[in-house]
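We call the chains A, B, C and D, going by the order they appear; numbering starts again at 1 in every chain.
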Amino acid sequence: MIDYKNVLTTCPYCGTGCALHLQVLDEKLVGVLPAKNHVVSEGGLCIKGWNVHAFVNHPDRLTTPLIRKNGKLEEATWDEALTLIADKFGEVKTASGPDSVAILTSAKCTNEENYLLQKFARAVIGTNNVDHCARL
Amino acid sequence: MYEPKIIGFLCNWCSYRGADTAGMARMKYPPNVKIIRVPCSGRISPELVLRSFREGADGVILLGCHIGDCHYATGNHRTAKRMPVLKKLMEYTGIEPERLYINWVSAAEGEKFTTVIKEFTETISALPPFVETMK
Amino acid sequence: MKSKKKPQERVGVYICHCGSNIAGVVNVEDVSTWAGKELEKEGVVVARDYKFMCSSLGQELIEKDIKEQGLTRVVVAACSPHLHEPTFRNACSRAGVNPYLFEMTNIREQDSWVTTDKLEATKKAKSLVSAAVGRVVYQKPLESLFVPIDPNVLVVGGGVTGIQAALEIANSGQHVYLVEREPSIGGHMAQFDKTFPTLDCSACILTPKMFDAGNHKNITMLTWSEVEKVEGYIGNFTVTIRKRARFIEESLCTGCGVCWEKCPKKVVDDVFEAGLGYRKAVYTPFPQAVPKYPVIDHENCTYFQKGTCKACEKFCPTGAIKFDQQDEILTVKVGNIILATGYDLFDARKIPNYGYGRLPNVFTSLEFERMTNAAGPTMGKVVLRDGVTQPKSVAVIHCVGSRDKNYHNYCSSICCMQSLKFAHLVKEKTGGDVYQFYIDMRTPGKSYDEFYQKIIHEGVNMIRGKVAEIIEGEGGLIVQAEDTLVGKQRRIPVDMVILSAGLESRADAKEVAQKFGISCSADDWFIERHPKLDPVATMTDGVFVAGACQGPKDIPASVAQGAAAAARVLSIIGQGEIEIEAATAMVDEITCVGCKQCVASCPYQAIQFLEEKGKAYVQEALCKGCGTCVGTCLPKSITLKHFTDEQIVAEMIGAMRVMKSFEMTEVA
Amino acid sequence: MTDRLTTLRKTIENVLPNVEGVLALRIGPGGITAPHLFSKEHSEELDKLALWPKEPVPDTLKIILRAHPDAKLAIVCRGCEERGIVEMFKHSQLNLDNLTLIGLQCEQDEAEFCRCAKPFTVHSKLTVGEPIEGVPDPLTAKIEAMSQPEKQAFWKQEFEHCIKCYGCRNICPQCFCNICALEDETWVETGRLPMPNPSMYHMVRAMHMTAKCVACRECEETCPADIPMAVHFRLIARDVREMFNYEPGASMDQKPPQLLVLEEGEYERSGLPH
């Protein structure tokens, strides 16, 4: 039995929002096909979009957070990583004030994620230092 | 007036020897052509010709054994079928097709070799430098 | 993605003065100083110029530098590589650098001798040296491949050429498979009566050779057989041969002839007797046939066609008739192959105005040969088609189908002499008048022109002119031609006309050529490797051609070629193994997509397709290194060693860079 | 007369029991179409069968066959796609014994959209719709009629738009190499946009499409810069037809001419010196 399906999704790379089909063969991601009658991309993709499937099963892909201990990156759990980040932000904020922190958000994030990040900057850290890679 | 830069791909068995024959007879021709020796004109893929233009060659000349006299029996038949298509493509993209020239020169034809090189150098000299046209 | 990093090599550059041949025009000192400085970043560590690089002192200079300076690559700018590439390759080899890591650039034939302006010549030399340096760093060491030679030889065709070749090889102690498609060896020569110019009896000189071949311990005779398939390459051919059923058990047959005496079925023999005589359904083509075993002609045998008769079986004293015999498929291994497949006679029916086939007393040359043969259908009597009347006058027409743009452009080479021989035989046997119609008389051969003179003195009428037409009239035939020497139309009444038909390639020559991987000319003659210097070899190593299959020729020339081909084969066998071109093509199995385009494009059928892997594979022993496949391969999975894309591109860039730099300095 | 969609659905239903799947277009979420492998287990999906826009179905076939080389499949193909499949077969990329072709004849507006000269199938045993005549290609004619400097300027501008997404190569049914010459630095310069003129990428690709391009125009369709590259392929295809009497996809056994020796008259037509 051949199990082939296309999964319609949005390209995760930039803010354009190109639509693409992920080609899934026997439960494995094998390719990308642009979506021809989608209003945004009209069947076109850039080289990144054409290769979005490539990193998913790539052997070099990171699957856990890494924390540098004694100059060496070591695998860690999300709890460890998030705790470490919160501690360090706290330290910086206490020592140098909230404006010593800046948040750079990304076009790879969804609208909701970007909203959350500015909320985090303003309400949690207490700074207006928020910016975005697609702000031109 | 500029000095055109020309790359010549010559087959080892006929045309390269034809160029040697021209030399032995002390026939004079312009120094613009730099000859690259290949076993057979069939070895030259269109990519090699295109890369030569890409590097700034003003003209590319490809010489092989006469049809029927190929050292490799029918290697040059493939040249005769591939290169006209490349010339057409050049024409369609707006590159003067005369920048690529294909002919057959036997080991004995020193005089033909000299004539061909002289005429080709003249043709290319009459065209603007390739890099200028591509700017 | 392939990413290319420039290799780090230590290059030595040597510029030859060639006395004043180069130095008189090119400023060689300037070139070598320039190379040492400007090409340093390309890897040049030594740059020298020297009076005569090819002299032993010049070569020692290179060898010394290799050892002392640790050179890994060598460039010599001198004369044509066709002259001294081997010299310098050997020098490199002696000093421990693989000969394929040497590159030669031609600044004599292609620079100093052809350029007038000294400055321009020097600039050209610089860009040529730069090109060679650019290339040489990408060159890879190569080793020649040696393949052992199977000493067995296949000879295809049992005419006089094939017999000669087979005997030469067999006498030297090597084994020969001699394949012939007719029931007996002998070929066309066995059909002839006399041979020109000596007029000795054809059978008398051929039969002993046939007998020797038939009884030679080193010859396996495979008559009534045809080659079906040839695989492999020089030294290692595997040949599949179909041995057609004779319906005769060879081990039992004594060749006594009872079977064909008793056979009730008479058949017109249009092969050996050219349609003039008869044979039986079980037959040997002629009494001296070798081997002596007959064959049963399946199409005409009453038993095979109607299911009853078996007269031969009834009378055979040894029980050798085997009606249930089947074709046998044999596979033999040989190292070399000689093709001596001969020729076909031009079909004179194609020229309707000569009336052959329509006018009974127009004969072909082959028919006349049989007629004059004492063992032939008329017992050697020259008679008209009625079998009794002796002709009083005979016309012999030359160049029938030859030297004629409607048929064959070439000269069939033997017809002039053959026609003169016919004239002599007619005179000798009938005493009648003979008229020769010729275009040009061509008698270049030992004692050939003397023969021509002798025939003229016998009172033969020579008319220079092409015959327009032969018609019936005045109780016989009328030959209409223009006599170009007197400028008049001639109408000559004769009783008999002999058409000296030309030779043409075998009807299946193309097919045979394809089977053996060789090529045919426009007229389907097999093409030799070089028309003058290598007349019996072909472009396919290990496959030789001899005799009339390569082009029309007479018996002495055919025999000479047979022996020559044998000598070439023996010289290969004597080497034991053979060196194979090192610069062959190579398939990268990882990137090959199995599209088979290269397989179709190879002029030598050297690329195999491995079905189980779905990849192409180059048989190195067959590859001649032309690189046609490389130009064809789209993913660039095929590389031609020593002429790789990166080597050629580096050479081109090397030349372009210098040309561009001169352009810049001139503008500045 | 029933419409093509109904007939096609019926044809697929008939074929489904005998094959492992039928490749055709399906309307997916949001009305977005994509190639789909219909199976007998889920024949209800045929409700979502679609005809247009034309999608690179042979490309999907290629992907499936890489993992399942012996799969017994059927494919709905238009004229161009059928030619693409024939060429894939001739390049040993698939086995036609295992593939049932369901030919879908294009309609006038579809053919005009593609400027297609052959909007019909010739090899498919099963066909849906009535074959129509080819339509002219005004764009190709317009570009061909330009003068040499105009062409030069036109293509320079077009190629400057190229963002080197490699989409035209990715989507092409005839690009099936594992490693592509266009990714080799020897032929195509890396890291430069707009790419230098003349564009090695487009020139090399055009040469590789010689005697291979089946004029499906998928490359133009997917190009985010709207480069009319198929114009080159079509002009060259015409020359190859005139010089060497060869048309990609037309015959099952005719080999691409550039691989073979010269035939009678071909040299004379090639325009090379005598």
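What we mean here is this: a contact is a pair of C-beta atoms (placed from the backbone, for glycine too) under 8 Å apart; a residue touches a chain by one contact, two chains touch by 3 or more.
Being a predicted model, the structure only gives us computed values, none of them experimental.
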{"item": "More contacts between chains, B-D or C-D", "value": "B-D"}
{"item": "Centroid spacing, where centroids are CA-atom means, of chain C and chain D in whole angstrom", "value": "45"}
{"item": "Whole-Å gap separating chain B and chain D, where each centre is the average of the chain's CA atoms", "value": "34"}
{"item": "Whole-Å gap between the CA centroids of chain A and chain B", "value": "54"}
{"item": "Distance between chain centroids, defined by C-alpha means - chain A, chain C (Å)", "value": "71"}
{"item": "Two or more partner chains touched - positions in chain B", "value": "46-47, 51, 74, 78, 82"}
{"item": "Per-residue overlap in chain A, given as positions that touch at least 2 other chains", "value": "none"}
{"item": "Numbers and ranges of chain C residues touching at least 2 other chains", "value": "601, 632, 645, 649"}
{"item": "Chains that touch, pairwise", "value": "A-D, B-C, B-D, C-D"}
{"item": "For the chain D and chain B complex, residues of the former touching the latter", "value": "143-144, 146, 148-156, 181, 186-187, 189, 196-198, 200, 202-204, 206-207, 210, 231-232, 235-236, 239-240, 243-244, 257-262, 266-267, 270-273"}
{"item": "Chain D-touching residues of chain B, taken from the complex the two chains share", "value": "46-47, 50-51, 53-54, 67, 74, 77-78, 80-89, 91-96, 102-104, 133-135"}
{"item": "Chain C partner contacts - residues on chain D that touch it in the complex", "value": "91-93, 176-181, 183-186, 190, 208, 255-256, 258-260"}
{"item": "Footprint of chain D on chain A - complex, ascending", "value": "1-2, 4-6, 8, 19, 21, 23, 25-26, 30-31, 33-38, 41, 43-47, 49-50"}
{"item": "In the complex, chain C residues that touch chain B", "value": "80-82, 106, 108-111, 113-117, 120-121, 123-124, 127-128, 131, 519, 527, 539, 583, 601, 603-604, 624-628, 630-632, 640, 643, 645, 648-649, 651-653, 655-656, 659-660, 662-663, 666"}
